[in-house]
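Common to both upcoming complexes is chain A, partnered first by chain B, then by chain C.
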Partner chain A sequence: MKKQNWQPWALLSPSLSAILLLLVIPVLFIIVYSFWLRAPTGAVIPAFQLGNYARFFEDLFYPSILFRTIRVSLICVFLCLIMGYIPAYFFHRSTSRFRQALILLVLLPFWISFIIRTMSWINILGTTGFLNHLLLKIGIISQPLSLLYNEAAVLMGLIQFLLPFMILNIFVSLEGIDKNLLEAARSMGCNEWQAFREVTLPLSLPGVSAGCLLVFVLTAGTYLPPMILGGPGNEMIANLIFNRVIGTLDWPFGSAISVILLLLLGTIVWTYNRYLGISQIFKAFKGN
Partner chain B sequence: MFRITGWSLIRLFTIMIYVFMFLPIVVVIILSFDTQQFASFPMRGFTFKWYVELSQNESIIRAFKSSIMLGVLAALLSTSIAIPAAMAFVRYSFRWKNSLNTLLLAPIMVPEVVLGVSLLLFMRFLQQPKSFAMLLLGHVMLTLPYVLLIVQARMVSIQEVYEEAAKSLGAGPFHTFREVTFPLLLPAILAGMLFAFTISFDNITATLFWATAEHQTVPVRIFGMLRHSISPEINALGTVMIFFTIMIPLFAAFLIRYFGKKRI
Partner chain C sequence: MKKQLEDVRNEYHKGNLSRRDFVKYLGVAGVAAGLAGGPFGLVSKALASDRIRFDGWGGTTSQAFRRYAFEPFTEATGIRVIDGEFGDMDSFRTRVIASFPPGGEFNLAHLSGLFDYDMYVGLGFNTALDESRIRNLDLVMTAMIEPYRRITPDALSAIPYNLGQTGIAYNTKYIPKEKAEELGAGLLWDESVQGRLGSWTEWRTNIWYAALYTGQNPNDVQDMDALWDALRRQVPMVRKYWGSGAELMSLLANEEIHATVAWSGRVAHLQDQGYPIGFLSPYGCYSWEECIFVIKGTNLDVAHQLLDFMLEPEAAIAVAEGQMYPPSLDPTKVEMTDIIKNLPAFDPTGKLEGYLFADPKYWNARQVEWSERWDRIRVS
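Now for the complex of A and B:
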């Protein structure tokens, strides 16, 4: 096959121009925009000043939302890791006839709309919801608890959304482990737990770290669960951006907050890529 | 005798995870048949009333129409630009190949809020009002990475010798693509299109920034309805959405199996 130089570029040009026009240039644009001024009249004036960033760090209000975003993301990563590793390990070791079907079932929520999965928690956690009904019926409580509109409810929604990503990443990594290594460990006298600790766990770490990165990045940018399941004190940085851009129409400030979020995630992804390589993340998607 | 082993605990835990994942979804479906005005336990009766009301709700029908049109067009467009890109990445070597591949997958990693804000503000800067075309372009960007991943993975598994055989028999590049590459790629193309459709159909966060008042999608409509309270009507709409989107992967699995049999 002749490999002419212009051919790959011709093949790439439609998708590259789409990404350039719809993603790269708009993101560069909001970086520029974040330095602009918003006049009291609401008009936007081109300028180069750091006022929007200064305003973000002026008092503790905005930074506290940033810290909350990071804290919620870390908690979410931790819970997804615990709740995801065990099922992934179960799929990996299971000899059940239904193994394939069970794996497909765990991927099913991917296909169900995010807003439906999020709002479905209102039916579970609401004062007249499933959980309160159950607890009242058993007699553990005599008054309905208010379980909704707090951080725990937000975490429920987030975990339900993100868990399949974690399970899939860990599972792909577990399936890639050479079975002979486990045999070798056993033949050298390791029991089940030791073999897991010495062989399986360390070799599954690439999948674990890829899953953690993905969950962190997706949580830190999340808008819907804090909006629908959270209360006034649970808003995260994406909610702040939405409110500034759509609500108060303060576009330069909204752009500055977006840039701060991008910088935070960019630093994390860059560090990850530097030491671990980003391609692991996409393995899980390809396995599909 | 039943003995508590590590394995049985792992199994129990996995079952609990399934309950955690699926209980909310099952409850949506159950409550959509409740007779009460506000979705709540215990259920008072069984009715199809909310589904009948949905089918008569003009704005929801309109939202379904725009969602389907948007999804179909986004899937067609993103697949048609992803195929040549996948060919370039798999069949050629050129400068910056890996970086460009990562760039095309970037919309997966950039938070949707940022995607939403940046495209909206850029279009505002260009004096373009919100429109269906802009929403569509946005959805093409959102779906492109997933289609690219699926098509590219399949392209890697198609051996280059088939294409070379066609070329040595005198077929030009377009002829080769039409007669050899395209039929072999077809399962991935269909799977990619269905996946793209679902992503577009389900998308909410970025769509909230881009949607116009007259082209509200179903998720945007649900978002608006949630402002008041959760009613069985929303649960009914949710149930319709769940069945609609679950049929798609099943259909895709069927297609892949059907075309998979014909593999060379």
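Now for the complex of A and C:
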């Protein structure tokens, strides 16, 4: 009996050690750093003070960037939802023998580096890029359009990165719906649209909300698309953390901003888990 | 260690060691081996005498170093040069500080500007070079060595290696040379480049040019309000703040931007490739001298050999032609090639009179305040 007590822990120990070393301890370091001070040379001075947190809220600059991050994240969630539901529903209803291959196509972008995928938009949307070249060639425009280095380009890069997460979550949720329910609805007089609205859509909402949460959290913490595809005024909170830590060697203040972002995202995840259950997210990765 | 393990195993078989102690010893030996192969292993690599690590700017600059300095050095001495790259000075400095122990995983770095030298010294990463073992240091311009001596009077921790300028690059298809020369730093605020202006994300360069635009000495700015106001007016004109030399070249080559502050060597590369890019060194142009800094804990015997080799006129001139930045060698002592003589920032007198460098103490003392202020203007 005693043996059984420690066996699960022994089996879990590699994973727990990895989580402890690669996640818990670094986060603890960040929390500790957030109370320290920066010396004029860029070195850090151990201390316990709340000055870094006070600095974040002393005027509207940093909160406004945080607000911008939330705004861009919400827009991204909305667009991913609209663009993700349709293909997920299509995969769900498809009886084609290529169905599995189509689902695989959704995962295909993950085989290419995120940086390369983001950079590739420069060749598509740039002044001398493919799109401008094509529009000029067929005479629709006479001057190249400014398609890069704005919020739309940032959103494009984000959607390209995050759309598969949304599609997979919704797809798994749709696959879990008992098909007999749809047939029952149809037999009781519902047409195709009513059956979707009354049965499929409500039952797919856990997958929708899981996809939304994942896309929101990942958008709020990303910094590459704003850095590569954004112009002045498109930076998000992760870019500011990068600037503080890398640019000015202000690790304590960068850590304080990280902790604030962590608390915000933690609160959102906690709220989600409280009312919807975090286990829904993992279904997408386990399959149905 | 292998012999010790065998001894312990023999003792265990003889019965002189309990199973518990034997397992305990194995555990301790495993931890020691793990540490030696982990971060401490990197440190031991940094101290090794058969290799040395060099971190530089990547791209065309690293290619020049690799081809004209490191490969011939390895051929001549058998010592390998491990060639690392960084995108900018700030991120590299963070990596040096974050390494374990701080700086312990790095040897030589191609630092940009005296302010970086001063900062590394301030962080305690400097070492004491034996100048008698770098005989080619005698060929370096005195005007380039002296500023380093003022920071570390007892011993140098670096050799000056090349000169450069952050001037203004402009596309000659859209901006005539005469107009660019007439406007000087004002080109960066001219309405004709509205929406097609670029700039570096770095705070120092932007503040420097705002000082020139507002008619002030960049090393002694008196009216900061006017300077911040100029930057605030410039931000809406900017299409993209670039973050690396490669991005700068791409933006100019693809005509995403028509004018920007730019590094002279990168512009020279674009000109060499046939792009219609002009380079302007306005009055008060931001000049800088780069050095090869030796980080504390480096095997100095190997470092002295490599630094001396890199300053050999044949190697230094070849590297300079490759990266398109003039070498630190004194043109009155060493005959330069025509390519070098035509590079931006080249000074045939070797005295660097009229060149304006950033005062390290002045700029480093204001880094936190000004960089954050700059971020606020740029990001808002």
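The rule is simple: the second predicted complex is superposed on the first by the 282 of 288 C-alpha atoms of A that agree within 3 Å, B and C clash if a C-alpha of one lies under 4 Å from a C-alpha of the other, contacts with A are read in each partner's own complex, and residues count from 1 in each chain.
Keep in mind that, in the parts below, a residue touches a chain if its C-beta (ideal position, glycine included) is under 8 Å from a C-beta of that chain, and two chains touch if they have at least 3 such contacts.
All of these numbers come straight from a predicted model, not from anything done at the bench.
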| item | value |
| --- | --- |
| Clash or fit (per the criteria above) of chain B with chain C on chain A | clash |
| First, second, both or neither for A:16, with chain B first and chain C second | first |
| First (chain B), second (chain C), both or neither touched by A:122 | both |
| Touched partner set for A:8, first chain B, second chain C, both or neither | first |
| Which superposed partner A:38 touches (first chain B, second chain C, both, neither) | second |
| Of chain B and chain C, the chain that contacts the larger number of chain A residues | B |
| First (chain B), second (chain C), both or neither touched by A:233 | second |
| Contacts of A:246 with chain B and chain C, given as first, second, both or neither | both |
| Contacts of A:223 with chain B and chain C, given as first, second, both or neither | first |
| Which superposed partner A:46 touches (first chain B, second chain C, both, neither) | neither |
| A:63 touches, of chain B and chain C: first, second, both or neither? | neither |
| Contact residues common to both interfaces of chain A (with chain B and with chain C) | 122, 126, 128-129, 245-246 |
| Contact footprint of chain A on chain B as seen in their complex | 6-7, 10-11, 13-14, 17-18, 20-25, 27-28, 31, 38-42, 80-82, 84-85, 87-88, 91-94, 100, 102-115, 117-122, 124-125, 137-138, 140-141, 144, 146, 148-150, 153, 160, 163-164, 167, 198, 201-205, 208-209, 218-219, 222-223, 226, 230, 234-235, 238, 241-242, 245-246, 248-249 |
| Parts of chain C lying in touch with chain A, wherever the complex brings them together | 90-91, 93-94, 97, 119, 122-123, 195, 201-203, 235-236, 238-241, 243, 250, 254-256, 364-365, 367-368, 371-372, 375-376, 378-380 |
| Chain B contact footprint on chain A (complex, rising order) | 1, 3, 5, 7-12, 14-16, 18-19, 22-27, 29-30, 33, 83, 86-87, 89-90, 93, 105-106, 108-109, 111-117, 119-124, 126, 128-130, 132-133, 159-160, 163-164, 192-193, 217-218, 220-224, 228, 238, 241-242, 245-246, 251, 254-255, 258, 261-262, 265, 269, 278, 281-282, 285-286, 288 |
| Complex contact set, residues of chain A against chain C | 38, 40-43, 61, 64-65, 122, 126-129, 146, 148-149, 227, 231-233, 235, 239-240, 243, 245-250 |
